[in-house]
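In the two complexes that follow, chain A is the common piece, with chain B as its partner first and chain C second.
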Partner chain A sequence: MSRIWRVGLLSATMLAAAPAHAFIAYVSNEKSNTVSVIDTESWTVVKTIKVGQRPRGIDFTRDGKFVMVAVGDDDTIQVIDAKTQAIVDSLPSGPDPELFAQDAAGKVLYVANENDNTVTVIDLEKRVRLGDIQVGVEPEGMTISPDGKTLINTSETTNMAHFIDTATRQIVANVLVDARPRFAEFKHDSSELWISSEIGGTVSIIDPRKHEVIGKVTFEIPGLRKEAIQPVGIGMTKDDKTAFVALGPANRIAVVDTATRKVTKYLLVGQRVWHLAFTPDEKYLLTTNGVSNDVSVIDVAAQKVIKTIQVGELPWGIAIAP
Partner chain B sequence: MIRWLVGLLALSLAATQTLAADSTDIGIGYLGRAGVKQTLSLVEQPADNDGIAGARLAIDDNNTTGKFLNQRFKLEERRLKDGEDAAKAATELAERNSFIVADLPADALLKAADALRDRGTLLLNAGAIDERLREADCRANVIHTAPTRAMLADALGQYLVWKQWKRWLLVVGSHDEDKLFADALRRTATRFGAKIVQERTFEDAGGARRTDSGVTLIQRQMPVFTQQAPAYDVLVAADESEVFANYLPYRTWDPRPVAGSAGLVPRSWDAAQDQWGAVQMQNRFIKLNQRRMTALDMQAWTAVRIIGEATSRTNSGDTKKVTDFIRGPDFSVAAFKGTRLTLRDWNLQLRQPILLVDGRMVVSVSPQEGFLHQVSELDTLGYDRPESKCKLK
Partner chain C sequence: MNLRILLTAALALAMTSGGSRAADPRYPDWPCTQAKVPEISLAAVWAGPALDDVQNSWKDDAKVSALVSKLSARKTPIDEAEKSVKDFLAASATDKTANAKLLFAGLFDTLNAQRSQVMNGLERVSRKQREAADKIREETLQLQALQGTTPRDEAKVEALSNDLIWKTRIFEDRHKVVRFVCEVPTAIDQRLFALGRVIQQEME
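And now, the complex of A and B:
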């Protein structure tokens, strides 16, 4: 056995056995008006931060220094310093902000304001409002294409995905999907856009170049009535091979093979699961379970739920430090 | 020849372009009943635009969606005067509108439906809860967004049974619609295993609903009226005419809760409903109408949204195409009730969860857990397919 080979083997073993990197997850609790901070090494809540009223959409700034949380009933987005875990500022969103998306550089933030059919554009560096884009009734889902050129917004009562040119801030296309579209997620290779329809009970797959629905993911769980299957959050693995879809009051995460667009497995989590986030190493997927007031931890490779963490009341959104 | 062909081609191109630029106009009529209902409670007195206000909001919502599809929605409002013929008014509305949302009493609705039968106009019943409109008197050109009395009674009954309040003292008003609601409540009791321990009739002796010093009198009358009842868990009142039910809470001889037409009331919608994204809807409604949203507003909103949903799905304003889609198997509409709403294909009744409200809060939403059904749990509310007497024609 050559020495080099042995060293190679050793380092490979070390790599595999190395403990998972600890990450920090922030969970917005819609009813408690708090954000729970979870340490992913101990899987415990290490801090609970009081925020404004009705916190929902939550995300880190690209540099990881701040956490933005939309507090809908206060008509603003609060900024939490990730180091001190204190609220340091607020952003000028429109009324009732819910979900938001930022560009790759972390300079521009696009906010869906549920109450007045607009998307607000905010300069993240200067923290000022740049303008508004008129969209359909009850804007909700927000995402930006990997090339940064297209912003997607879904409107819940109009039942459309609006394609917005980020340069001109004009709508360039509208695609009808099933009822109450909640969440939008691109494949990392930009080839597909996935939109969940909560009331329609499906995920529409859109060709982002042709602006056409090219497929649909449907869900069927034996013993569960169809109406209980209400897809919301979607998480796509970096290799784009597997999608995880939160099914709301069905209390399950569907594991979807993106090649066949079929569900390969249903993972039982807490009650009314809405949103989810991967740890940056993609080892774990964390889901927010509104009615059971907890977060489920899924081992992504094993496709198993390994842990449940109690958080505040009605956990809604989740973001994990980059 | 070639020149002729080129000309033709240019002409057809021009025609296509004009078509693309032209928007599709979709006219929706609203036909409201004469008069305003009188209620015992001053805060429940309906506004003049009750119902219409919901239709107006849905027109706005449809137009927000419509601007992306080049569809424009217009509402033509018409309210009957006392004694005016509903069929004539409906026919006039139908000259300009392919869809008519109606808030009419049962007989007037049937007259309007029959007058419009050969025109292909679709009527959407947002106001009448009568069973017979979905049963023996059902019509193929009428869909119903208003729930039925049986759906309302079943929604309440499921909750009372779940609560183990199974012994009911039923108090019925002396008007026809009170008796119809009592019929529905009796059917509910039989279906879900509740027992009506006694029935009493509250005669409407006439008189004003608003009087100075009225409370003193009511406080004397109601305990006396409810005394010497057999043991019961809940007083269920059937008083659609608003004569006595709201006088009962806190005044019964025995300390018992009141439900039905007062106390815990089954409704399609309530201003306190805040679940499933409803706050956005409530806020939009208040912004537009400067008042809170009622059940009738919601039933009219849903009717207009059904049309908007179907025109956007079919990308068409063609009445037949839109109507066929609404009546087809793929139709559903979202209406802030936590589940998609669909039509019962045998009588065109909209399936819907029913809220149980106390005037301040939504206490519960039926169907209750555990009431199971092989097709849809929403079909545990009201008459189901096998019992239906409806033959759509």
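And now, the complex of A and C:
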């Protein structure tokens, strides 16, 4: 029985592994001040890079040549060369950068500085600061509309999503959402903007043209107190049909049908699941689990957790090479 | 010399006692910066079949209860513990699901109890520390008064200084231990989650 099972598993992994490309994932470990590099073919950590203090927001440049990581306690964004895996430069953010977003062309970077109520605008080619945008108290989540015209910034204290015109750098609208908005994600077709509220325990769905909340995703897990359900990271499939929402200390990822806005499944991943990222072929979804100090790998089609990889302490953000 | 030690001690004391005020008003004795979560809820660590029919029956199974003790002990490295879970369930064949449920129920009860014990201990020490801090403050004032009197009773000053140095040292040592022990509830959470995850994977 168990042998058949093993053979089955073996062939299944071979089937799964054979046509897939190997990708490289970078994970920021907030407490150990490192970045773990994961190879998605072997699903192992192939390198651990020492970075500055309190690394959180992390992303690749659009050309895939560099990885940027916000090191909040060092008040800067470090630039890692993806080839040599060494730190080669830094970007001029404001104090305590937490998270950032870049435009579709990869030319402009917007940085949320947690301690300073500002968003810093950086020219990514010249690596110089272009200016600042004053936003609400404690800017938190950050994303750019697919057309690049609107920057969304969520504020932890005012519980608002600020819509910023990237051309004039002025706030054009504020939308009230539930308590402590954490993360913002557009549908690829720009029709909806999803914003997670960590304390409110919901995801608000906003019509980005009308600046109105048009729906809400709620979560319920039998046996779990409401306050243990803290939505943070959101990932949307390219066809916009399925969203995955990380639920923090509920230790689960919610799979949401975007048409009905209902949860279809909860996947137990790791403790305090925070952010997530798809592999470019969208076969796998990787999640960072802050308390269990690991990364879970979800098979997107099967909606199943297939692997757990130990990384550094308090893994926070994740970026996968394009 | 003694006075200088004393002053530094009193200063350290003032700083530590001021800085360690509990953040959560519900738990005034909780000394840790980590938030106090009184109990691990089953749903946070278990997405497997309901355990209602298990209750305490894991205690009646000698094999399971022995394994629970071994896996719950912090001295058992987590890798080794995970391997033991796999070996045990692999050998269970037909009653795999039943055994998996028994084992997890045992781990859940035992580790939750272990965690409560640690947290109660932390709060007990925290109350003791508050008393000790009051005592040190009181004696510091006494000592200052003694030092101000003429003629000065050197023997008394000496005795009280020594006593204070000891009390301060014990206070600071405990303070360090508390900070270390504050990590233990999280370590227990991690162990329970990791073992629960292996059990659930083995059941699939």
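The rule is short, and it goes like this: the second predicted complex is superposed on the first by the 304 of 322 C-alpha atoms of A that agree within 3 Å, B and C clash if a C-alpha of one lies under 4 Å from a C-alpha of the other, contacts with A are read in each partner's own complex, and residues count from 1 in each chain.
Convention: a residue touches a chain if its C-beta (ideal position, glycine included) is under 8 Å from a C-beta of that chain, and two chains touch if they have at least 3 such contacts.
Remember, predicted model here, so these are calculated numbers, not experimental data.
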Practice problem: Based on the superposed arrangement around chain A, label chain B with chain C as either clash or fit. | Solution: clash
Quiz item: Taking the superposition as given, does A:Ala250 touch the first partner, chain B, the second, chain C, both, or neither?
Solution: second
Exercise. Check the residue A:Arg209 against both partner chains and state whether it touches chain B (first), chain C (second), both, or neither.
Key: neither
Quiz item: First (chain B), second (chain C), both or neither: which does A:Gln271 touch?
Solution: second
Quiz item: Which holds for A:Glu114: it touches chain B only (first), chain C only (second), both, or neither?
Solution: first
Exercise. For A:Lys83, select first, second, both or neither according to whether it touches chain B, chain C, the two together, or no partner.
Key: neither
Quiz item: If you stack the two complexes on chain A, which partner ends up touching A:Arg225: first (chain B), second (chain C), both, or neither?
Solution: both
Quiz item: Of the two partner chains, chain B (first) and chain C (second), which one does A:Ala179 touch, if any: first, second, both, or neither?
Solution: first
Practice problem: From the options 5-13, 41-49 or 131-139, pick the one stretch of chain C whose C-alpha atoms clash with chain B. | Solution: 131-139
Exercise. Please write out, lowest number first, the residues of chain A touched by both chain B and chain C across the two complexes.
Key: 225
Practice problem: Can you check the complex and tell me which residues of chain A touch chain B? | Solution: 96, 114-115, 117, 136-138, 155-160, 162, 171, 174, 176, 179-180, 199-201, 225, 227
Quiz prompt | Touching residues (chain side chain B, partner chain A) in the complex | solution = 61, 64-65, 68-69, 277, 280, 283-284, 305, 309, 312-313, 332-334, 339-340, 376-378
Quiz item: Mind pulling up the chain C residues that touch chain A in the complex?
Solution: 41-47, 90, 93, 186, 189-190, 193-194, 197, 200
Quiz prompt | Interface residues, chain A side, partner chain C - complex | solution = 1-2, 221-225, 228, 249-252, 266-268, 270-271, 291-293, 308
